[in-house]
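Below are two complexes that have subunit A in common, paired first with subunit B and then with subunit C.
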Partner chain A sequence: MRTDTPAPPFLDVLTIQDLMVEFPARGPLFSRRTLKAVNGVSLHVAPGETLGLVGESGCGKSTLVRTILGMNKPTAGTVAVGGRNLAGLLNGRRRQERARMQMVFQDPYSSLDPRMTVHEIIAEPLRINGQYTAAAVNRLLEQVGLTEAMGGRRPSEFSGGQRQRVGIARALALKPELLILDEPVSALDVSVQAQVINLLQDLQAELGLSYLFIAHDLSVVRQISHRVAVMYMGRIVETGPVADVFNNPQHPYTRALLSAAPVADPAAAASRQRIVLRGDLPDAANLPSGCSFRTRCPMATEACAAVVPQLLPPVPTQADFPVRPAHQSACLLVHS
Partner chain B sequence: MTQQLLPTDPTLVPPATRSGDSRQGDQHGKVRRRPAAARGKRGAAASPAFVAGCVMLGLVLLLAAGGALLPGYDPFGQDLSAAMRKPLTDPDHLLGTDSLGRDMLSRLSLASFVTLGIALAVVILNAVIGTGLGMAAGYFGGRLDSAVTTLADVNLAMPVVLLLIAVAAVTGPSATLTIATLGLTYWVGYARVSRNLARSLRNRDFVLAPLTQGGGHGWVIRKHILPNVFSQTLIIAATDIATIILIESSLEYLGLGVQPPVPSWGSMIFEGQKYLGTNPWLAVLPGIVMFLTVAGAQFVSQRFTAEGTTGALLRKGRTA
Partner chain C sequence: MSTTYTGPLLSVQDLTIEVRGDDGPVRLVDGVTFDVHQDEVFALVGESGSGKSLTVLAIMDLLPPGVRIASGRILFRGRDLAQLPEAEMRRLRGKDLAMVFQDPMSALNPLQRVGRQLAEAVKLHASGLNRKQTADKVHSLLAAVGVPDPQGRAASYPHQWSGGMRQRAMIAMAMAHDPGLLIADEPTTALDVTVQAQVMDVLAEARRRAGSAMILITHDLGLVAEAADRVAVMYSGRVVETAGVHQLFSSPAHPYTAGLLASVLGEGTAGERAFAIPGSPPAAAERPAGCAFQPRCHLGSGRDKCTAARPLLTLLPTPPSSAEGAAQPQGMAHPDGAAHPGGRAAACHFAGESTLQLLKGQPV
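Right after this comes the complex of A and B.
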């Protein structure tokens, strides 16, 4: 496991600073509102590192990914690859830089064109960039544990796990430094999940890849990640080394999230405290004042409505269970 | 007509697009599965109607393409002494002659060639315009989408025949004018279907993937949207060509279109109707050829539409 010392920023594969993505939404009658999908997110991924990004549906994970990949325009903030801000680059150059990040999609059924053979699917990024050779495609097939002969078949002849391998091979084609994995195993059977996770870990060791691993399955995140970031309503509410966050969650939302994850040991499951959140996610176009979690937080006070909590390292004097500096959370109660 | 195709066959239109972030929660498994009966249909023997349709179309195509090779082919040569012969009475003129003694078989052959050629040109023009506009509208969405949709609606409200008559009054009737007028006005069906398909494809991950890998919109449309839309376009074209032939022949009957002495089915019927009492074959023969074409095209295309109800796109994408 990695140490918690953050790598120098210029070495990071991906650096996101204060990223803000807003969409115009329709209000009552003809009024216009702004929907804040991503609301000031900063994160970074170091070479060879896996950052797990956790959050429930609707918290802005997908928007964040789409923005990183350039499919949404950020309202504010920057996305930098290898320390280079993408916004400042010319189109062609930006594409080039962006190719250093590649995406593995969640659904292996809709991410592969049903009309194309597997060979053609993996060849596509190479063809776009004029690097196609049949040998390169075969090498990629082999790299993800498929055979050359399978290249001639269509996706419909493959199982979900094999399809996801094809998706990974396609993502590897342009020799990226970072893979963005958008819930890459949530559509798969549990037995197959393990195989794909193992493949991802092998590839990381072999190629020195960085992963931005997006998931809602906490056990998978715990297994594969070096660091975790917990997202709620477009903000990172807690981040830190995986063991720290899982063993000593600071933010009430993280605690609730972890308490909701199933535990394999019945004795442990019986003894632990289950935190049940009240209410639904707030409306992203009409966020509560102050901390956006306060409407559902079991510990919320009046102060929470007044101040937007910032992501801060722990207070040094705090408590019997020391929190390490890299383990940050955005909660007034933790810092008071 | 094209615009009727949609309501009568709603399955041609793909399920409504799921909005941005809900696309992750997928339901293709549900959509793609075909009923067992439909799945078996592909391997089943061709239906009698399909075979009959092929034979009918084959005869007409043979007539149109092969007529010029027959001995004695001369659609224009007049011989008043041999006028108004009935079919099968004169070995030199197998299908008889018209009021000017011109060989009916030759004229029918040339008329078929002319009429089918015009219809084909119209359908190709329609398909290209409609599919192009529809794909662009569905893929890019936004203002372009509204513009194309409005244009399509306006188009449906246009009285095409009146328009054609008005323009012909100024420029004089010609085949080019017919092709241009029909070709520019009957594309709405293609546009609607390809727009909806493109719209549902736009947010699929296999369309997004090349965009994240340096591919442009042109690449995506060429490699992923068009191939998936193309099969549907063919289905519409197959059902449309019969309708276009009927409309075109009505216009020819009114004298709008190719001008004498070049024959077309519609103008041959018009000329023949003067002699319905003495030699009805002059009007009946082109009528029969037209019937063979339209009915044959319907029979053949029915098979495509039956296949198309599950959607060529969805069929190919069905889960293993």
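Right after this comes the complex of A and C.
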């Protein structure tokens, strides 16, 4: 949980509005259907801020990332970098704007070319952009806690955590404002995870970087995020400051998600109350009417089949723990 | 299969795995020893790159090219797998010994429909099934792991599946023949925690039905706490500690284990700087002569014994207090329980000394 939430900025680094990404899918008997992998997502990341993105496996997180980076075409909606809509730009200019965002991949083993030295791996984006100097590479190595001498070695001579540092150094080469990290620490042991998280936080403080941080491990997300967004079947179902969402989850899916996180204490494991979600995941190409979560929601009522709940701020109440306006959720129950 | 065999289901003894390096062979796995018993969930945890995956790949006889078993024994139901002819190993693999991999994409053929790949796995050890029976079995296996619309999904290609869905397909494939030992290398790392919980339930249920034991490799110590009966902790190619799950979490004996547990993030660490063991592990070719953990160890700095002699995995007495506190989780009690030989062992000259301070966040 981060308490040092940055002051409201002028322009968000990344703004996504009503983004839709559809894929063609096969239906029964060769019929054709569409799969809505991203189904109307809006989100933003402010300078110096970490937005944690969590959610169901297959809910569209990686598709969202690929679309932000231009590897998928959105069916509808906009992606804006620094307030500029990417769709309206010429190709060269769009590439320039996209370079303000860089990606750190999950797998520190397969994402680094084993034939290149670490120095060359980090140099690659600099060379492509005509900015290479050996000193620049050495500075990047130092920035992520590696030494100049280590640049001469190949990835196979590095531990998993060191390789992930290399991946971060490469991502930092072109001085991006935003790093997109899709499961950056899930392949690492918890002590190396902690090292990498600490490094990311140091870099953020030093360089004012923003992060879009995707992970299934909720304790990792809680540690590094200022705000979180919870995704289910292509939609954001809850978002807010990290402490608010973790301590006072509003949406039934978020509650189930948080309750399912295993705790590293065998004595407590037996007594833990897990909200078990019944039923299967809905078919993404054949979403239920109304709220997509209703087939598995323990609180669902008939009304949930009729209306698609919108992501809204809370209704003011007299509750002991009032929900703050920035803490929004998409559930009819919360807003009734 | 012998009905009179009473030893452990699997016994890995002093396993050494090497790769050819520029300056001679490099020991990637350096004398690993552990037993896995019938019905138990045995967790293998520890440092990234410590040799967990290679150890289980050696059990499956699936080591990558250039990497080989240099010495040691792998006894499965008393038979040494390392000495088994390839044909017999093929009969065992996928049937009595099955594995779920860390990266489902690397185990699936991208050019073949998922259903067809499962059908091949089914037919490999059940050649009598006709097309319809095979397809039915594939669909029921997929349904059992919670894949929606199994028919439709079976007809699509791996890239059309999300990471989580692919892993379910792998689990379905592994459980196709009710294996005696299921090896799961980070089976739920790609899954969200609600699906993870479901998959762990599915695995537990399938294991109960088939009577399988499981080796569970994971970095998620929460998962270990919830699912494992016993745990082995690896560091730099060796097992540095084995213990029952309650003992391991309440009183780790090895300083690396203590450091690992202290690094677990949680509600308490949020907003603070996370604890991390300082430094990095040695490269396999540059392991120091004494204890491989010495350069990073809060107990071993400045102690000659730690730099001079390699500590061996040694049985530790079970402290009476922790034996009482270590109630077995319901339904998972072991006939040999905490009293099992090898149930609590550590490879440290000063095992148990002040490791708890680390856990409590006190300066060491």
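As a convention for this text, the second predicted complex is superposed on the first by the 311 of 336 C-alpha atoms of A that agree within 3 Å, B and C clash if a C-alpha of one lies under 4 Å from a C-alpha of the other, contacts with A are read in each partner's own complex, and residues count from 1 in each chain.
Assume contacts are C-beta pairs under 8 Å (C-beta built on N, C-alpha and C of every residue); 3 or more make two chains touch, one makes a residue touch a chain.
Remember, it's a predicted structure, so these values are computed and weren't measured experimentally.
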item	value
Which of subunit B and subunit C A:Glu157 touches, first, second, both or neither	both
Subunit B versus subunit C as contact partner of A:Asp18, first or second or both or neither	neither
Subunit B versus subunit C as contact partner of A:Pro262, first or second or both or neither	second
Partner chain(s) touched by A:Asp283 [first = subunit B, second = subunit C, both, neither]	second
Contacts of A:Asp107 with subunit B and subunit C, given as first, second, both or neither	both
First, second, both or neither for A:Ala187, with subunit B first and subunit C second	both
First, second, both or neither for A:Gly58, with subunit B first and subunit C second	both
Of subunit B and subunit C, the chain that contacts the larger number of subunit A residues	C
First (subunit B), second (subunit C), both or neither touched by A:Leu174	first
Subunit B and subunit C contact sites that coincide on subunit A, given as residue numbers	57-58, 62, 107, 157, 159, 183, 187
Subunit A contact footprint on subunit C (complex, rising order)	45-49, 102-103, 146-149, 151-152, 155-156, 160-165, 189-198, 219-226, 245-246, 249-250, 259-261, 263-267, 269-271, 273-277, 280-281, 283, 325, 329-330
Of all residues in subunit A, those that touch subunit B in their complex	57-58, 62-63, 69-71, 95-96, 98-99, 102-103, 105-107, 109-115, 121, 124-125, 128-129, 156-159, 170, 173-174, 182-183, 187
Touch list for subunit B against partner subunit A, complex	20-21, 23-24, 26, 28-29, 204-206, 208-215, 219, 223-224, 227-228, 313, 316-320
In the complex, subunit A residues that touch subunit C	1-3, 23, 25-28, 54-59, 62, 107, 157, 159-162, 183, 186-195, 197-198, 201, 216-220, 222-223, 242-243, 246, 256-257, 260-270, 274, 276-277, 280-283, 286
